[in-house]
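Next up: the structures, one after another.
What follows is a pair of complexes built around chain A, which joins chain B in one and chain C in the other.
Right, the complex of A and B next:
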């Protein structure tokens, strides 16, 4: 057997061991990230007395009491609905506006486009707390406090720049000849954008939408400052449970609400994952 | 009338002018190749014709209509891009029918024209596939199919074969030529491959640094290049050049060789560059001495690279030869096929 053959076998073996290391590292990372979620779900099925056993136990009599009692007594379902409305509305508005802005920055020859883009990105650097009070004052002036609209608008202020920058990079990676070809085939710029660019950007748009919905879903600061009862969201409810100074923190309820908060996002991500196929644009250009 | 007239066209990016007043007339049905090195402005000129770049000055006319301010979609031009630009989310059928759908063409008409184009290009069995399931050559054919279903006024090709492997490129070149003979649509074809231009075009426009160096029929450019640039660009293997000085018809090369030119060729005294195509140098018993450095047989002919007092000389002989690197040879010059250029201006004398 030649040295080359030995070299080739050794190379393949090292690749395989490299793959194994990556798989093990991925599993360890996944376990580390998922363990708090797993513990939250587990705790949500425990009675208060089982939650604080020391050492913690995996074996206990599961109960739905945390879910049933809290859902019956509290405003959680209403807050859950608010969260769904606000997260998806702000996510969708941001996707529409941010995608078009990102396309303009990526493709159109606009004087000062680069500076404008950086300026918009810099707005993300402002601490949210510095914006919360001015937003409250503006919301109050327009009679929008404790409404879905003020929360949606507030979330759009940080989601649109986020979408714009993500999609700008995505569009820059697409061959510009696709739009040019569409424009020669009978489309104007808008037609080329909506008929060619948007359909092939679906994976990028959906993954960005998921992140937007998650960001809006878990947002707490603006929700606390800008809402009270009518439009308050689940994160506000969780804070209220944790900070219950009268009855003490109900950890069972807290983890039950936390679990219910996570489920819709996971379901949404699972529903759209079939669209998140990499390489939808494959085949557009040279092979 | 599907003729194209480009008149005094200029293109500037800010204060930087890249195309300096180009004028080209392309009669109806002619196949014109724009050739030149990278950055010479050929693709920019093509994109200006397509409406993908603004025209800074001058006019472009298709038929009787000035199209400077006409949107790309209204120019009735079909373009095949270097990277094909197929719509990845559409099938081959949808790709080919897209332009017709945009023009609200009846479905039966679209189906008929797509079927016709698919038959011409041998794409019938690929119509329901997406571009990602096609090979490079098939994608190239689909890109051409997308252009021909429209039956446009003008075809524009931007280096459409440059991404194909050598064998497929030669095959597609023949198919393109056959297609043009069949459709007789006015065509402008950009390439940096002069062999492609020579074999495909009715007329070649050689561009250099945003200017037209020379325009003419392929063999006219080959036989009578008007500048050193065109002489060097057209022809493969390339022309040999020898610098020297002329004195009343007598030419003395820097290599020391000396000979008399035909009377009409060197009217002035001064520094000149002599151009000789490789096939116009012959192996003789006596002549310019040279030493063979490389022998490249291709079967039907053999290319010999030799050194003549330090300068590289290419010689093309038909058939085969027993020459080996290191052999001493003598080169004869065919005086009827000499090209003499003014060294300073680069113009033909």
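Right, the complex of A and C next:
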């Protein structure tokens, strides 16, 4: 360092200290944003008498009471299962349908592809409540209310456009020679798509699927409108616990159920974080 | 799969070949097309129909055509206007806050050091907390008696505040929860955008002796503007649909002070069973959202062309 000219030393030193401030500030920001999650997990291991204290307790004997008792005497396990079924089914259907459509928009020169693209974008502006009312009325006529299938299809309305748009951008970036050589080798369009394009897109498809599952996992409006007991999901249960004005809020149950819903998606999200972040950025710019 | 068969594939002799080609193109579109027609296009059209009809509650079907009656009724309903105002206040407070905070934190995060990846990953966590969980947990933390927020604020001599009891504080509560839930999303987009900026411009500026402030104001922010605009539009499209956080945290209260439009339409439709009026409101919101989105998109295009 001492060999450098004086000006450059001063400049570098100030840059470094500026960077240090940014590092510390970013750590503080991250911890602040994580605190509610930490507090939720912590509270879920408290007994009722440790939850309702003023000032709040930080040191206590941890217990699984909230998990065990609430799981035993409630519909949560059933609703968890519903959530898993609906989230994965709608995610998988949307990935298959959305990927094929995204490929068609990117590569197959369909007449009106540009117009379809605009329609997909506009569908993002449709308020779900404008769909929920007619879905409820029609679903009621067909006896589909409170079934998994109507919820799965309802989730496809926002998942498919999302997948189409993301995968359209993804396929546009692939070199055209890939399918051309496959088709010269005698594959038809489907062969080229399923044997060549899909296998090389697996990482992107998987992360998009995970993103779809997360979006379906936490959806509330359609779930609350279209289901009541049989096909009801965890977000509905959480609203009911949080808004229970008769018995007062059961914070132990709320945080235990909250922790159980959050942990799987956090694990998923961290597993595919690279793709997830890229997907978010692409979804913003290309959307 | 011998390459000998290659020659005939690209020729368009017969009509059947052309037909097969057409069918195979549209076969790719059809699964998505069918689902979206049935579950997206048809419900929207049906909403329009209901909004001009009277709804028979014994059969739950639209019966008589009543023209603009439902719209007239809705437009004379002060609660409708009140909830639009609530939505507007919520959007005006939370969107700029999230964009500024998100890109600000992204700038802080984007220092090259060993822990940068970990910090970024940490911001993923609040982003995948279901909005209902966020609403419920924050409601607990903001509890005037046992909540930790008032306890912490007490150390700096603030409060205690009745977060969920006062109309303005309740609105602030919804904004805080929404901002907590969605700022990390903006942070992640922001860090990706900042990392994609061309490095040579910064190096050139550094050689010219520009300090960090000059670099931030005259290079980073102008270059990021298109991305900031795009993020704003994505967040706008999400925020205008907000329903879950308000329902879980405040249930629209106290009174109707945090009853955003989606919550109001939901209550009117499924608690008061006023489906026709709700459909009219949904159509108004739909058209309004489309118009504003088109304006924002045009604005962001113009911004993109300027740079």
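We take it that the second predicted complex is superposed on the first by the 224 of 287 C-alpha atoms of A that agree within 3 Å, B and C clash if a C-alpha of one lies under 4 Å from a C-alpha of the other, contacts with A are read in each partner's own complex, and residues count from 1 in each chain.
Everything that follows uses one rule, which is that a residue touches a chain if its C-beta (ideal position, glycine included) is under 8 Å from a C-beta of that chain, and two chains touch if they have at least 3 such contacts.
These numbers were taken from a predicted model, which means no experiment stands behind them.
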| item | value |
| --- | --- |
| A:29 touches, of chain B and chain C: first, second, both or neither? | second |
| Which superposed partner A:97 touches (first chain B, second chain C, both, neither) | second |
| Touching partner for A:200 - first (chain B), second (chain C), both, neither | first |
| First (chain B), second (chain C), both or neither touched by A:184 | both |
| Partner chain in contact with A:127 - chain B first, chain C second, else both or neither | second |
| Of chain C and chain B, partner touching more chain A residues | C |
| Partner chain(s) touched by A:175 [first = chain B, second = chain C, both, neither] | first |
| Chain B and chain C footprints on chain A, overlapping residues | 183-188, 280-281, 283-285, 287 |
| Residues on chain B engaged by chain A in the complex (per definition of touch) | 50-52, 71-73, 75, 77-79, 81-89, 98-99, 102-103, 130-136, 139, 146, 150, 163 |
| Chain C contact footprint on chain A (complex, rising order) | 14-15, 18-19, 22-23, 25-27, 29-30, 33-34, 36-37, 39-40, 43, 51-56, 93, 96-98, 100-101, 103-105, 108-110, 116, 122-138, 140-141, 153-154, 156-157, 160-161, 164, 183-190, 193, 214, 217-218, 220-221, 224-225, 234-235, 238-239, 241-243, 249, 251, 254-255, 258, 261-262, 265-266, 268-270, 273, 276-278, 280-281, 283-285, 287 |
| Residue ranges of chain C touching chain A (in the complex, touch as defined) | 1-3, 5-6, 9, 24-29, 31-33, 35-36, 38-40, 42-44, 46-47, 50, 60-61, 105, 107-111, 113, 115, 119-141, 145-148, 151, 180, 183-185, 188-189, 191-193, 196, 211-212, 227, 230-231, 234, 237, 240-241, 243-244, 247-249, 251, 262, 265-266, 269-270, 275, 278-279, 282-283, 285-286, 289-290, 293 |
| Of all residues in chain A, those that touch chain B in their complex | 175, 177-178, 180-188, 191, 196, 199-200, 279-287 |
